[in-house]
Amino acid sequence: MTETIAAGARAAVRPGTRILPLTPHWGVPSAEGWYDSFLSAASVLDLLQHLDQPVDGVVMAGFGEHGREGARELLNVPVIDITEAAALFALLLGRRFAVVTTLARTQGQIEDSLRTAGLLQRCAGIYATGLGVLDLEHDPITTEQAFIDSARQAIAAGAEVVCLGCAGMSGLDTRMSQRLGIPVVDGVSSAVSLAESLIQRHLTTSKIGTYAAPLPKPRRAPATHITEHHR
Amino acid sequence: MTETIAAGARAAVRPGTRILPLTPHWGVPSAEGWYDSFLSAASVLDLLQHLDQPVDGVVMAGFGEHGREGARELLNVPVIDITEAAALFALLLGRRFAVVTTLARTQGQIEDSLRTAGLLQRCAGIYATGLGVLDLEHDPITTEQAFIDSARQAIAAGAEVVCLGCAGMSGLDTRMSQRLGIPVVDGVSSAVSLAESLIQRHLTTSKIGTYAAPLPKPRRAPATHITEHHR
Amino acid sequence: MTETIAAGARAAVRPGTRILPLTPHWGVPSAEGWYDSFLSAASVLDLLQHLDQPVDGVVMAGFGEHGREGARELLNVPVIDITEAAALFALLLGRRFAVVTTLARTQGQIEDSLRTAGLLQRCAGIYATGLGVLDLEHDPITTEQAFIDSARQAIAAGAEVVCLGCAGMSGLDTRMSQRLGIPVVDGVSSAVSLAESLIQRHLTTSKIGTYAAPLPKPRRAPATHITEHHR
Amino acid sequence: MTETIAAGARAAVRPGTRILPLTPHWGVPSAEGWYDSFLSAASVLDLLQHLDQPVDGVVMAGFGEHGREGARELLNVPVIDITEAAALFALLLGRRFAVVTTLARTQGQIEDSLRTAGLLQRCAGIYATGLGVLDLEHDPITTEQAFIDSARQAIAAGAEVVCLGCAGMSGLDTRMSQRLGIPVVDGVSSAVSLAESLIQRHLTTSKIGTYAAPLPKPRRAPATHITEHHR
Amino acid sequence: MTETIAAGARAAVRPGTRILPLTPHWGVPSAEGWYDSFLSAASVLDLLQHLDQPVDGVVMAGFGEHGREGARELLNVPVIDITEAAALFALLLGRRFAVVTTLARTQGQIEDSLRTAGLLQRCAGIYATGLGVLDLEHDPITTEQAFIDSARQAIAAGAEVVCLGCAGMSGLDTRMSQRLGIPVVDGVSSAVSLAESLIQRHLTTSKIGTYAAPLPKPRRAPATHITEHHR
Amino acid sequence: MTETIAAGARAAVRPGTRILPLTPHWGVPSAEGWYDSFLSAASVLDLLQHLDQPVDGVVMAGFGEHGREGARELLNVPVIDITEAAALFALLLGRRFAVVTTLARTQGQIEDSLRTAGLLQRCAGIYATGLGVLDLEHDPITTEQAFIDSARQAIAAGAEVVCLGCAGMSGLDTRMSQRLGIPVVDGVSSAVSLAESLIQRHLTTSKIGTYAAPLPKPRRAPATHITEHHR
């Protein structure tokens, strides 16, 4: 999935912008719930803290996932989360936007992500297709139809724009837009675009308060592994 | 002023992107209040309706000024308002942002612009320097100091980012950022950047509802002129 | 239409109150969208700025239309917008009110008008009949039924009062109220009533801040006409 | 106090409108807190339930006091509360309004009254003079100065209109307005004006839901008296 | 009904905690509307003001009923209202909660009670079974089914927890929870539990502002009785 | 610190309730920022996932820290976060509450925690003493004075109750309450009390939606350690 996301990012950037896809070394292959999201956040922050090559910006590519504020503390380069990025562009394109995502259980996280970002007022709703993240690549036709169906519910409820509520759906935004006749916004391309703009304009995270660098302190490594979890 | 704004836009765009500065043929030289803003909105929409060359996007360069929804009805290309553009970028850079603007009387318009955009929640306040729009170019040192002073009030009240509440302040964002140590966001460069991104990604205004093309109807020209207004 | 509105106003005022109907000399015959609304606002403000007879108050009779704040700057007499007037009375009559209006495309403007007025909390929804403003006089029976049908949807959704979302619907409020058994509030009679009260009580717009008189400046007349617009 | 309130009401109404001042037979002479307010509400509702002469409308003249919804259930004629009435008019006169009231302890009730009415958004604050309700008639000069001082704080905080947060302050609104140069809104004159308008326009409370007549049931009289309360 | 409520309270408290059921000597046997609620509030406050035995805490057992702030002024011991108590526990158990209550006409009071408590944001809705309060004991099977049906509507609308919107429904919370598979929260057991905790931890109402003891003043007894009300 | 927190918990519970203090095996000794909070959340969830003894409830003892929703997914027993617990009790004791916490940089997390919990409306502010979490035990007199000073600012701004914005401050709530004359609420005792109540009443997290058990999937252990972090 990381490579699909990277391909989507590369398609969106200017010539000369290099995309460096990074996958945490531990955590979860896909985040489908709060527990997953918090593990994912920590694993991403761990990765960022050990980053040994310079980057000019970071895109957090988990839709509705936690961690962006921690990344803003850790880094001096801009950090963009694809949830906020998709919503920001959607605001420019229609009066109300909806998010269409995978499992219903992730709706709460996405809503909280938008609420804390201050971007919930013009959200017409968060719709779930019922597909899991890893299912999305098995049957692209079924996947596309499920997203179209949810989008139509959203439009009936007043949405004029749809945000794809997950990453790595190569070309789905374009196909949906053609079928629905409305703009469909992908978060990864939105985020890399915003990152490029901030970098070019020498704008980065404010370090005077909330996102000041983390205080020096011992942070202890896990003495026991996070074992695999099966139920 | 239009040329200063155009220069700022050109500095922000990619090579190959042409900026076409347009000034309405009637209306007000600068908008400093609601009456001005509504005249300005109509004059801008009039201009856009008569636009006889193709453009790929439009930036509305009046901070806190009305009209963007009308432009979205008229056009099939993206329309970005510098008020929303500045706020959108500010959201990525700090927990709270403030706007520093010219006259206190424009604070209400800016607040309404952000409120209807759904971007007011993380706004820490709208601060006025007391300078009029046309004064801004007379004494750059006094102007800069006034903006710095207002920004410091905003920072004391919790702002971590400042948006410049007017257009055409060449280089002020950079000088303020150096002196204050926080990001200062200019609306024109923010807006052209967002426009470029939408254009490149083939995203444009949704025409299915709120922003559908205006209905055909006679729209009558002024039989009497809007005379000059002196009190 | 202006005469129908004037007739409704005259029926609502006290003996001795004179209604002076004014129609802008340019702009749009009816406003059905944002573009229309901004043109209308400018044309109304132009008219008010050239008003050469004294008036004691002004009613802005476009439901959901822009411009009231500009009128408050221009004038020293009270200005009432029929959107806010209808809502204000509705608040006294039931727990939730709905607006029933003409085209769906105007719902956004009405919502923004109520939101910036701070009157949205108890609004149970804005319902559209799908009729255009100029259609309303062609078939009063069809019109009335369309408004009744929308009102019933609103009541099913919790509305206990209905505001008519347009002006000049002579007697429709009364007929609807009889059929539905709930209060139906007309904006024009609400607004003239509020205006009369303010005038009698010597209350008028505060000029200390937001609505101070516009600054003296040249405001230039249109060098080219706003041509008629057909698509 | 009731007579002062009645005099204020008579000064505000049209010729031919009769004001019938009613004081509950039990309860509290003045309400200065929640306990007082709830006693007052019940005593007023008791009075209204036993009203043996027809009236066309009712004004609840306790600022920030409870009970208006109960009156709307009991009666088929309009009921106006002076808290909502003052705020409604204030909304027409400036961008933000403040309430200046007596004791600080009543600020919570006034805020709740405005919040449940949906009128809190444009309230710039509720300011207390520290005077008790019965003190207001002892020294009109001190009272006026205390109200002026609080109003000035409110103006410094952004208020452009002031509502008098209590009834029966004969002429204080006019004197304050002259000294402050802003509109000052009295609740009783606002409420009788709104009542007159509703009565003339044959508009009254919706009885389809929230304010339907109370269900028939035994309501038992107090077996013991509410004794006088001294601490 | 008071005894059923008392039995529910006794089942919820620790050994050693005594429940003293108190019923006002006047007022209404059951509150089903605003008028009832305000009468009930005054009768409860009257009772509390005459309480001649020491208590450590008070539970106000009318769901959605007024008066809790008055009780907090009168007393120095904690006061808990079952509406806020049920909601507080519900917040710990699911993302959204719904209230299922008796008559539709009480929905407004419950909503206002939650709104002024600041607990409305996570409320997914207030659902009415259409049963009157005194009906609830006639046919427990019909009652339970009605509550189950309303709860299912609430769950379909996103509720994950249900609060019982009235007191004295012995065992209904448990039976509903078994049938629905979600937590069902009773307000009386919630309130007594919170009261016990505050008492044990020596926490009680803040008396520094809003809930300071009522000012000394004459409070006059009813010269006429509140007669029984039949329509 | 864990032992101090445990001692506070033991003092608050009923006889027979056992407190089992658990400290994650990795992560951070104290959380003072977003990065810390996300690491802490993951380490706590890791610990809970490996919990090999049965517990009846869990208290998350980091004020303003993330993770409670993940714990609710993982467990079938109630989970209480001390941030929400303190606020819930504060709502019962005064009209507005404030939080007094350690470093200013944690104010954003606390605010977000309250906002997503729906508990922000009655929060009068979040005040920072400027002390770090590990400093709190060095000089109890300085610590107490710093908390008193911040609390007084909060009271001047309208707070009537104070919540201690961190855990493990043994007896500080009592000493502050004595000095300030208002209730001061500790989160740990609040949380264990709520947990006991839920357990006794057989109420636990709803598993029908947001907090359903995490989906089975491989969750990979860290291949590299989270090294100690010094800057």
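Before moving on, here are some points about what is shown:
We just call them A, B, C, D, E and F in the order they show up, numbering each chain from 1.
Here, a contact is a pair of C-beta atoms (placed from the backbone, for glycine too) under 8 Å apart; a residue touches a chain by one contact, two chains touch by 3 or more.
These numbers come from a predicted model, not from an experiment.
Within the contact network of the assembly, the step distance from chain C to chain E comes to 2. The set of chains in contact with chain B as well as chain D comprises C.
Among the remaining chains, the Cα-based centre furthest from that of chain D is the centre of A.
Simply put, of A-F and E-F, more C-beta pairs touch at A-F.
In terms of residue-numbered contacts, B-C and A-F present the same interface, as over half of their contact pairs agree; the other options in A-F, A-B or E-F do not.
Chain A and chain D have CA centres that are 52 Å apart.
Centre to centre, using the average C-alpha position, chain D and chain F are separated by 43 Å.
Centre-to-centre separation of chain C and chain D, using mean CA positions: 28 Å. Counting partner chains per residue, chain C has residues 95, 108, 209-211 touching two or more of them. If you sketch which chains touch which, the chains form one closed loop in which each chain touches exactly two neighbours. Within the complex formed with chain A, the chain B residues making contact are 12, 14, 78-80, 84, 88-89, 91-95, 117-122, 155, 158, 160-161, 174, 181-183, 185, 189-190, 193-194, 197-198, 200-211.
Interface residues of chain E facing chain D in the complex, by the touch rule stated above, are 25-30, 32-39, 41-43, 45-46, 49-50, 66-67, 69-70, 72-74, 104-105, 107-109, 112, 115-116, 132, 209-231.
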